[in-house]
Amino acid sequence: MSVTPHMPDHPAALALARRHSLRWWESLPWIAALAFFFAYPNHLGFGTELLIMVLFAISLDLALGYAGIITLGHAAFFGAGAYTVGILAHHGIWNEPLTGLALAALVAAAVGFLSGLVLLRTTGLTFLMLTLCTMLMLEEAANLGHHWTGGFDGLPSLNIPPLFGVFEFNPLIPKTQFLYVLGVLFLCFLFVRMLAYSPFGQGLTGIRENTLRMHAVGAPVRTRLVVCYTISAAIAGIAGGIWAQANAYVNLGTLGLDRAATVLIILVLGGFGRLYGAFVGAVAYMVLAHFLSKIYPTAWQLGLGLLLVVIALFARGGMLGIGEVLMQRLRPKIPPKEPASRPSP
Amino acid sequence: MNGTLLETRSVSKNFGALQAARDITFTLEKGARHALIGPNGAGKTTFINLMTGVLLPTTGTVLLRGEDITTMEQAARVKRGIARTFQINRLFRGLTVLENVYISVAERVGAATNMVTPAGKRRDVIDEAMHLLETLKLADDAQRTIAGLPYGRQRLVELAIALGLKPEVLLLDEPAAGVPSAESHIILDAIDALPKDIGVLIIDHDMDLVFRFAKRITVLVRGAIFAEGTPREIGSNADVRAVYLGQATTHGA
Amino acid sequence: MLKRILAASAALAVSTALAGAQEVKVGVVLPYTGIGAEFAQLIDRGMEMYLKLNADKVKPYQIKLIKRDAKNPGGNDARVATQELLTQEKVDVLAGWVYSPNAIASAPVVNAGKKFAVIMNAGTAHITQMSGYYARTSFSMWHAGYAMGEAAAKQLKAKTAVVGYTDFPPGKDSLNAFKRAFEASGGKVIDEIPMGGAGAVPDFTPFFQRAKDKKPDVFFVFVPAGDHAAAVTRTYGALGMRQAGIRLIGPGDITQDTKLQAMGDAAIGLITMHHYHADLPNAENKRFVAEWKKAYGANAVPDFMAVGGYDGMALIMHVAHQLKGKIDGDAAIKAAGTFKFNSPRGPISIDPDTRDIVMNEYLSEVVKGPDGRLMQKVIGQIDNVKDACKAQKIAPCK
Amino acid sequence: MIFTVDNIASMLLGGMAAGMVLFIVSVGLSVTMGLMGFANLAHGAFAMLGGYIVVLVMRHWGVGFALALAISFVLTAAISMVFERLLYSRLYKAGELDQVLFTIGLCFVFIASLTVFVGPENQPLTLPDALRGQLDLGLLQYRTYSIFLIVVGVAIAIGLWFGFERTRFGAQIRAAVDNRRMAESLGINIDRLFAVTFGFGSGMAALGGGLGAEFLGLDPQYALKYLVFFLIVVSVGGLGSIAGVFWASLIIGVLDFVLKKYLPQGGTLFIYALAILLLLWRPQGLFGKPA
């Protein structure tokens, strides 16, 4: 066999070799979050909710954006995590925040693994319906098992001890919650970023782009999908768990269709399969929802509806997709790169 | 260089009442340049799917170097050295050409399960993929996404992905189909340049390509082997001419 | 220390009052969009109606309503809304809450914010115990449920009952309240049927057929007001349960005034226990309904939600006057205990111990009025009913 | 007690009536999804629009129930065809995700518009006297409207089956469902076929919205509230199969009825579990063709 010559100078090889390196603008979300913390101390409740949505959307991005698993039931994992924290704390079994999150991740991962193992044999509409029904079944189970879950009313006023035994969770001025969520989000993001740029992540994009071909290059596609789905579920579980801790509260809203649809909208709005779509989408959606619904509540729904229609019709790559296209217009030297396409049908 | 690589014994495949493959016994030797021809709907692609594990035979056995792989999963067969291309492009359309080949090479060298190291740090994988693109004269397109590539170039990527697996058995399903004639020589050159020791089975309608390439030809008609022999034997076989070649030549003319 | 602060704040209040109209900021948490939008509108109008009809009593204060959407019954919207009303808008009083989970989720924030908060609808009994700053001008499920249980056994002379309820906490509250009172009065509940969740209206036919099979004297039904209620009477009529000798009874949620006409003749004979309906014959209510129709159209009617908002506003004004506009949470809760008001639903007050409402319950029957429209005729009345759950210290209302 | 004739008959009738509402609303969705491969989550919105038209037309023009249904069918079909030509047609080649997003967006627009223009409250629908009360079937008395729904549902099913299997237009649709490219090469005008089918499917949804209002009610949230059930019926039945939707609706309608009557404590748990099991057993649906 011939010796592979080293071609360090080819621009394509260099681009791929440097693809994972940090860029200056990647620090912007974190700077913005910290700036928000100091600039808007009265909006931290909203900010915390926003950060949790970003984390949840990132977990979905891994499954949907990278591996092309189109699911309508992702809130099942968010809820699994939230209820893990809630049930353990409410019944006085366990309430330390950090280990609580680990348990939330574990339980959500178990739900993801088991459901993934069974459901990922199917694709398309069937998979969509199966994930949806599984989530709704869990929601109904949580509703019926009120002895443990508090049913429709949920588990109120959870007793969550201070973070590291020091920092109290104040419900009115949620400074601790905000920074705690920000920290967890940062760690989870680093993890997802690492996955996304790894050969494993590259393989996931392969599954998304052409499952049949992935089989033909010898990838154990289903195993990969189940692994990805499980990891994604675990992160969604962390998002749910931290939501329960930050709010000291769990209820059915954590695993309903509303939440599943919202996170999907957020991700697609921002642009999926791009790591930062979750940030852009969550900020755009939540800020718009927050302020528009203050001005004129029904207008918010109308505005959101029209926005979704326009995005679906004209801006398939979401807001980041639009940004990329604009950037290319400005820098025509670089060979045109299509906005990352959707999972092929 | 001699020895049987891939072998099927009395393989049949039924889809309900339809018999897509009937009693096919076939061998592919090491270093072979074998062609599989036959009219439309003869079951050629079905036969490839049976060998690669996309489909499982209703009856019969498939052997690789003597090992029974009849019920083995597709992925495991690929690991054992069987690779294929598709009649209709099956590429990672949203990714760059280099990434397409990277995926294939990464699978082969076992890098693909790595979740920790950035893909870019596996320079060995990148370099091998780049090298492959060089040999197929695709290096200039390495950074372009598939969707923006002319069809002929896409066919080359199709081949590059399969070669990234360093197969011992390579099954090419109409490699030049849909390629403008001005560009088809690139495909032909690439096929000519394949490593000598691998066994290649090519399916095609293009008789020029088949006769230029093949040392041996199998004719498939209605799911069964109709004739097999050297190009000369097949070319002079009256029956084959009757059912197939005549028809094809008039088409070609 | 405390005295000094109180004195200072009183002085401040006086000085600003002298300066002219003093603003009282009321943060309103209601589901202005989504499935509860209809209810939000009723409560919202109830509040506005109070301010309009009682302009003289509002003076010298100027009420500023700051409205926030809490469309999701899931709790988090309401919680964030409450938190922001407290920290950003610095409201003096909080009000609203249609869904019980929203009030439950907001409780810790209300506690931390130490502001007076008036619940205008959410009916799960123990909500008021989740925060010492909550006072309720709507009802607890126990008010009507318990009263109905007694009335069913004593006044309607029922021996057996089947209970059908929407399977969420207010439904279970209602079931427990009815059952306890009915069985204490000598009746027997022979079947309990959970009839699906609160999210979507189910087809009630299977549940009602099950109830019909049991042949009870009365069928006590609790469903959330709104679409559910209309479907209940339709199904009751269509399955011929009246002809089978089964009387349909329930709390007033099933004869919500805004839905009554739409129920058609199937609703005639329906017997409910509630603290309000638009046909109450008292003078205060006649004026209220007339003004309502003047403001919102001849076909519009106020209902128990509207009156919850109306009376809630009255309570807020009472507290504002008592505290001279300086509405400190702890003082406000104390002042709320002295609230007595002649409401469209009759005389009401706030129980200083539980901060829950004390009011009359009316047993009413749906009849066809002289104008051909359906109306509710009062056939019995129980005065000064307290929330039985708290009065009798039944779990979870310890 | 369970196995008395009139008990079994009443459960069958009740379940079938509920199933027929599902069938009438969902059948259009099944055909459009099978034919166009479009994940149309706004189907419930068209059903809602249809229901509103029925109610408003009856209320303001004083027309009868039957005529109102006909008007609603025509209007909704026409409106939906405009949407199809102007918007949907741009997304036929897009991925499921864009289609999902687009149609959820449409749902929001419908919900918000109806909330603003008609109001957030439930719109009561008054049935004609003839359809109210009980009907004596000899063996037992049963809700007249349920019997009516079953009769109408079966009639529609037979009509659709006939139209689908026995007319030229039906043959064109079937051909296009099976193989779009082939149908196109045979000279079938796909654009027209899609528009007409879409309009027809939405018209059916409108009928379902009007006929089902007695059970499902009508308010702006309708568009999303029942969507899951329509989707379950369609996916369990198999995309593009009229017989599939029919039988799936009946099975789910009757089983749901029986379970609710005897195990009301289970809530909606069983219906989802049932859907999951059916879909795992036959991922392509009861009557769908294997992929």
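Order of writing sets the labels: A, B, C and D. Residues in every chain begin at 1.
Just so we're on the same page, a residue touches a chain if its C-beta (ideal position, glycine included) is under 8 Å from a C-beta of that chain, and two chains touch if they have at least 3 such contacts.
Predicted model only: the values in this text are computed from it and were never measured.
The most central chain, judged by C-alpha centres against the centre of all protein C-alpha atoms, is A.
Centroid distances from chain B, each centroid being the mean of CA atoms, peak for C. Between the Cα centres of chain A and chain B there is a gap of 40 Å. Chain B and chain D have Cα centroids lying 47 Å from one another. Chain geometry summary: the mean Cα position of chain A and that of chain D are 33 Å apart.
Each of the following residues of chain D touches two or more other chains: 115, 265, 267-268. Contact with two or more other chains is made by residues 140, 143-144, 298, 301, 342, 344 of chain A. Chain pairs that touch, as defined above: A-B, A-C, A-D, C-D.
Chain B makes touch with chain A in their complex at residues 52, 54, 73-79, 83-84, 86, 90-99, 102-104, 106-108, 111-128, 130-131, 134, 139, 142-145, 147-148, 161-162, 164-165.
By the touch criterion given at the top, residues 64, 70, 72, 118-119, 121-122, 124-126, 128-130, 132-134, 136-137, 140-141, 143-144, 257, 261, 264-265, 268, 272, 298-299, 301-302, 304-309, 311-313, 316, 342-345 of chain A touch chain D in their complex.
Residues of chain D touching chain C in their complex: 1, 7, 10-11, 14-15, 17-18, 115, 119-122, 124, 126, 132-134, 141, 143-146, 214-217, 219-221, 225-226, 256-258, 260-262, 264-265, 267-268.
By the touch rule above, chain C contacts chain A in their complex via residues 32-33, 37, 68-69, 71-76, 79-80, 83-84, 86-88, 100-101, 104-105, 107-109, 111-113, 124, 130, 167-169, 197-198. Touching chain A in their complex are the following residues of chain D: 33, 37, 39, 87, 90-91, 94-102, 104-113, 115-116, 224, 228, 231-232, 235, 239, 265-269, 272-273, 275-276, 279-280, 283-285.
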